[in-house]
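Mind having a look at this structure? Questions to follow.
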Amino acid sequence: MVLFAAVLIYAASDLPYRGDPDNLMHAEQSITDTRVMGSYFIQNAYRDARTPNMVTVVLGDYRSIDTFGEQIVIYTAGLIALLVLRKTKRRRVV
Amino acid sequence: MNKPFQTPIVLLGARLLSPYIMLFGWYVIIHGHYSPGGGFQGGALLAASILLIRVAGGRRVAQLQIKEFATTPLAVVGVSIYFAAGLVAVAMGGYFLDYGMLPIPGMDPAWLRYTGILIIEVGIGLAVMAILVMIYDNMVRGEDYG
Amino acid sequence: MADFFLGHYAYWFTIILLCIGLYGILFKKNLIKKTIGLAILQISVVMYFVSVASKWDATVPVLDPNIPVDQVANYLNPLPHTLMLTAIVVGVATLGVAFTLLIAVYNRYETLDEEELIDKIQ
């Protein structure tokens, strides 16, 4: 386990510096000349939805179908909790 | 398992705190457009206010607030609000979950998107609250906790 | 060297957390402890993404009218924050499912130790 940690820490030394604004994921144009999504969200979120909180806009508008699927996931989790424990209790009674 | 042991002071403190936590939860949901917050965080706060009463008061007191069988319909209502907002947009000729097509007169598409985000945040909050309370209720079922 | 350390120490802490979680999953015998290790591993991934999203001299991704939105360097990257927001809630829900299954296992076999469980199943 210590060896695994050492390998990961050695691999992390090639990562870009944390908080450097010149990182590739913080740029406006990616290396293939397309828009980087995070920068696009920062620049256009207020114009598209009149909402100052960009995280809310990304969550509710640009990625809304992802959020919908995620809500289905937690709903299914609740139903699993309901069904599994109800069945267990019935088996103990019988 | 353990003998139920209750003091009125704990229940009184929980009853004092719980409405304020619930109010703060609704504030976090509705004010999520202007400050950090949103449906998930507000839903977790609402669930916290309900679970506080359930932990402090036991099963008999908790049934006075929200009954156990009411959590599943609340979750269904929360998911349905989200899904209906998407389907109404489809019915008005847009894409699924395209809030610019919601049939509210007198608003330009940007403000319609603002309203649509608010609607689905309320749906998310209700669903998260109901699911967390449902998981707790099922976990403690069968235990003699008062 | 100091720049290298300041730029990378957050990654090292997340890697240490990940190794603690992985150790819990692989080597602990109790199923509850395995689940806690799973939660620690998940938290390490969340903290890694949040630390990647940061920029020096930037503010939170809530629009301030005094700070222009044209220069992207003024605001943090909102995309990893959104992804981790959903990941945290899914993590809580799946943790609930895991503990539910553990309660079902305990009601059936009345043990949570891995080797005793294998013996009782066979």
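Chains: A, B and C, in written order; residue numbering restarts at 1 for each.
Heads up, the rule we're going with is that a residue touches a chain if its C-beta (ideal position, glycine included) is under 8 Å from a C-beta of that chain, and two chains touch if they have at least 3 such contacts.
Source: prediction; values computed, not measured.
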Which chains sit in contact with both members of the pair chain A and chain C?
B
A student comparing A-B to B-C should find more C-beta pairs in contact for A-B
Distance between the centres, which are taken as Cα means, of chain C and chain A, whole angstrom:
12
Quick check: how many Å separate the C-alpha centres of chain A and chain B?
21
Whole-Å gap between the CA centroids of chain B and chain C
24
Show the residues in chain B shared as contacts by 2 or more other chains, in ascending order.
34-36, 38, 128, 131, 135, 138-139
Listing for chain C: what residues touch at least two other chains?
62, 85-86, 89, 93, 96, 100, 103
So which stretches of chain A touch two or more other chains?
52-53, 55, 59, 67, 74, 77-78, 81, 85, 89
Okay, in this complex, where on chain C does chain B touch?
60, 62, 85-86, 88-89, 92-93, 96, 99-100, 103
Quick check: in the complex, which residue numbers of chain B touch chain C?
34-36, 38, 40, 44, 128, 131-132, 135, 138-139
Could you please specify the touching residues of chain C with respect to chain A in the complex?
3-4, 6-8, 10-12, 15-16, 18-19, 22-23, 26, 51-58, 61-64, 69-70, 72-73, 75, 77-82, 85-86, 89-90, 93-94, 96-97, 100-101, 103-104, 107-108
Along chain B, where are the residues that touch chain A in the complex?
32-38, 71-72, 75, 78-79, 82-83, 86, 96-97, 99, 110-111, 113-114, 116-117, 120-121, 123-124, 127-128, 130-131, 134-135, 138-139, 141-142
Using the touch definition from the top, list the residues of chain A that touch chain C in their complex.
1, 4-5, 8-9, 12-13, 15-21, 25-28, 37-39, 41-43, 45-46, 52-55, 58-59, 63, 66-67, 70, 73-74, 77-78, 80-81, 84-85, 88-89, 91-92
